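There are two complexes below, and they share subunit A, which is joined by subunit B in the first and by subunit C in the second.
What follows is the complex of A and B.
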């Protein structure tokens, strides 16, 4: 970081735990996508190349399960943090500073569409998290649980057919594959594209890695939050 | 509404945009980022690049010519044999040469005129298993029908369809010492020449994907479940379970009802009922629903983002 006298005032947008979890999920998700799609699209040349690089389908399956475990551990740690935050620290899990969905998100969505179509001159006043950021977050949070369930059925089919019909294993594979395709297309193209390559933020938005954001970005992208904290205390790290 | 109070703030935010852009670019070297983007697009192109199609299921497997390529024969497993060891001498057949004027001369399939009982001289166990298996029984049935003078129901096809040794093995050209994976890939071709629906569905299953596509020799190939010479259909769960147990020792009875060959189709009614049709139809319904959800979600998310991008571009261009 260059020490800049003109450097604008910085705010903490993501806590160290958030940044760490994002980093591990980023690595785990990419690993899951690469190894999983190589098996799911096994008839394609790139898939064969990747499987050859990791030393065969057995190794790819092992890596896939390794990435699955570290990624799901993030869900567990995140959940434990929320419990601690709520029960021990007595924090709030809802409200404008949280990722909890609210009615304002629906209104923001409608107003944002109006803005896209030129019926408004400015986007709505987003709070700490826009509705797209909330969808991004909840898609991953819910998706990791559903992928975890179907993935466990595929990992231990002998156990699950002990009390489920045999073709549920096939259905688990169908759901696992198509949810993976959806997740990869949305995360690799839209999440990365919107978070970093939009004209307004290009070439990159580093706040999820450094945790910091600037006054200008706050005013521009989260004016609702900016208004509620400006003049008062800095936003704290958590919801 | 909030929009009226929000606008002036946003305008003031917009004026500081250029300053913000500069500070971000100086922090992250643009060249490094561009390389990253180029690499990403390159990886994507590679990913979507030419995908190799399934192994041709209908490849002509046994080489049924009456002529033998002695160069290839010399590399085969039987290369050390003289012709007479398998074919006898001309004297054995009463010393008669086949009539070159006969309409069927050299037209009949070579593999259909050979007496494969002779293979059993060396390959006794395989031959015995074959004789007890479903292929030999089907051949018996076809021969019986032919003797009783029944008309061939399908004139396009040979009257005898059930395979003997030569339909699956090439006695002149098959080499010995092939790897498990090579044999597995060959099985998909050989078995698929008569059972294409079964090899197609196998290639969509995890066993076919990992075993044939990805060359994982721990995966099950055709004969690992159905047997090479004994040829078991495994249509019933109680027949299949002992086979599953060879690789999945923890499996219970319901494990055998996992669908390996998805034969039924919701779009076209099946020619003949296959086992597990009801389960297969449910799997396909779930697949269709899953595809619909994926497509609708993508239309929503990508449409939303495309509008967003266009609007932001418009804002940038308008200010220039």
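What follows is the complex of A and C.
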């Protein structure tokens, strides 16, 4: 939790569970994208090479399902953690420290555009998660559920066509493929841009691996959160 | 369509035309009644090869076989008795094989003379399966002996296999023409072999599959299985939780109720160890101090040897079991998987017997130290005795069970001898006036109960050291705490 000062300048930004889930999802998502696109674009030369490397389409399909299972397990564990956090620890699922979207995100977005256009001297007062980070998070959280549903229909067509019309399998196949392309593009541009190519963090934002952030980084990137921790004065932010 | 396809199509059309021309004389009243072989045949009536990888090929090929085998008077003579070879069409109605060609399974019958050497083959399509997932006691049993509806089985001494009998219980010849599959989902179907009077070398009752708890020493399925294993698992988990609870009893920074904080802090510490240079320290401790027992070796070679006989042998059996499971999961039809799951395979039989002997010798050595030599540092408490006797009795019962199994299933001596403890035991057991069909299940349950008891006992008595000593080593080394000599 943010109030837990480990050493003089370090703050915990991500719990060990968050770091573990991120690491598994990172491996799982990459594996899903590589095997899935190799299967989906099987007529292309790179796909053929990758399929040959893993020992054939059957193995690629097996690996794809393996990665799908470990990735979705993370969604389940994450959901259970939210339940535990809310019910046992009595935490709040909304508010400035949460990833829940809020009206402030819209205001932050407008102010950030103003800042980019030179109408403001400073970026907005981001809280613990910026609106970009929230989009990044919710894109994969919702995406993994929808990909999971269509993926299950493709994995167990006999079961699902027991109560769904057969064309749902075709729909699932189309949705699964195009949403995969969408997810890969979103992760490639949004997540790589946010966590790697931003000048403030280039070449990589390591806080999801170490779990730690420094006071300077927090004051710079999440001033709202820093203010709520330290109780310091709100800077004006006007030009 | 390829060139071959056109040729095939032309050939088929030719055959049809030819048949149309010659059909009329074949069906005139002068001919023999239908069902017997017409005496005027065209070569291609029989000498044709259907492409059974297409639906059309399957249909024509089956049609060809059915020309005889759907007729009631297709029969063969066995000892003066006519045995019908009519295949009941109804037995294919719900069969998973209803879209397969006959020669998919009966691979060697499309020839002259019309006779089979190998019988129907299942493994062209299906993998071997075992008791649960790996380690099969039924490797010497034909697939059909369980999966086909005929109730009569026999031991084929020449092949050393249990297979369906071509005679019923009164010795009358029968035909195995019903192609439906037996329902093997319930244990009642096992009764054709597993009854007290069987002659195929099966135990009198059906024994449960090995549990995942048995993996310390045996390849096993990923299921818990029988209630005694469930009970053992529950006791084990309860003990582990009690142990964990004890570890988290201490206070963090004076907080009274801070279980969540303690878990979070220890998880963070674990994370920082795993992803830092200290990981290599932990790995070194794992290999040198935990697996190879360096600290005990430094204290006493004799104690190291005694402990390693038990510990390393169990570790090796665990490693082999996990390896077997992995190999079997990924390539169940390979020679390696078949060798590893076969208890009678020379390598498997020898290695498991050898490691079992190591465990038994280690336990004997420890018992001698504890009860006769009695060095000053050895303080025997009741918990020590429980652990020692449990492991010793478990290994002994294991060898007895192996011996009884070799005796009961009639494994030929030249194969069984690789089990170099089990085979002599089986020779000794053979002198006893015991019906091993009924006695084997008793031995098996004794061994299983001892195993379950040992697993359940792990977190309670002295065997708890296998959890907390490695942990202590790690914490001491990784966090640089003071090392203390251990007894």
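Keep in mind that, in the parts below, the second predicted complex is superposed on the first by the 221 of 239 C-alpha atoms of A that agree within 3 Å, B and C clash if a C-alpha of one lies under 4 Å from a C-alpha of the other, contacts with A are read in each partner's own complex, and residues count from 1 in each chain.
We take it that a contact is a pair of C-beta atoms (placed from the backbone, for glycine too) under 8 Å apart; a residue touches a chain by one contact, two chains touch by 3 or more.
Since the model is a prediction, treat every value here as computed from it, not as a measurement.
In the overlay built on the shared chain, the residue A:76 is in contact with neither subunit B nor subunit C. In the superposed model, A:103 makes contact with neither subunit B nor subunit C. Contacts of A:161 after superposition: subunit B is touched, whereas subunit C is not reached.
By the document's definition of touching, neither partner reaches A:87: not subunit B, not subunit C. Touch criterion met: A:209 reaches subunit C, while subunit B stays clear of it. After overlaying the two complexes on the shared chain, residue contacts for A:43 are found with subunit B alone; subunit C is out of touch. Between subunit B and subunit C, more residues of subunit A are touched by B.
Once the two complexes are laid over each other on the shared chain, residue contacts for A:17 go to subunit C alone; subunit B is not touched. Contacts from subunit C toward subunit A in the complex involve residues 260, 264, 267-268, 270-271, 275.
Remark: subunit B residues 2-3, 6-7, 9-14, 16-17, 19-21, 23-28, 30, 33, 37, 46-54, 203, 206, 209-210, 213-216, 218-219, 248, 250-252, 254-259, 262, 276, 279-280, 282-283, 286-287, 290-291, 293-294, 297-298, 301-302, 304-305, 307-313, 315-316 touch subunit A in the complex. Residue ranges of subunit A in contact with subunit B, taken from their complex: 1-2, 4, 7-8, 38-39, 41-48, 51, 56-58, 60, 111-113, 115-118, 120-125, 132, 157-159, 161-162, 164-167, 169-171, 173-175, 178-179, 181-182, 185-186, 189-190, 193-194, 197-204, 206, 214, 216-217, 219-220, 223-224, 227. By the touch rule above, subunit A contacts subunit C in their complex via residues 12, 15-17, 19-20, 88-89, 209-211.
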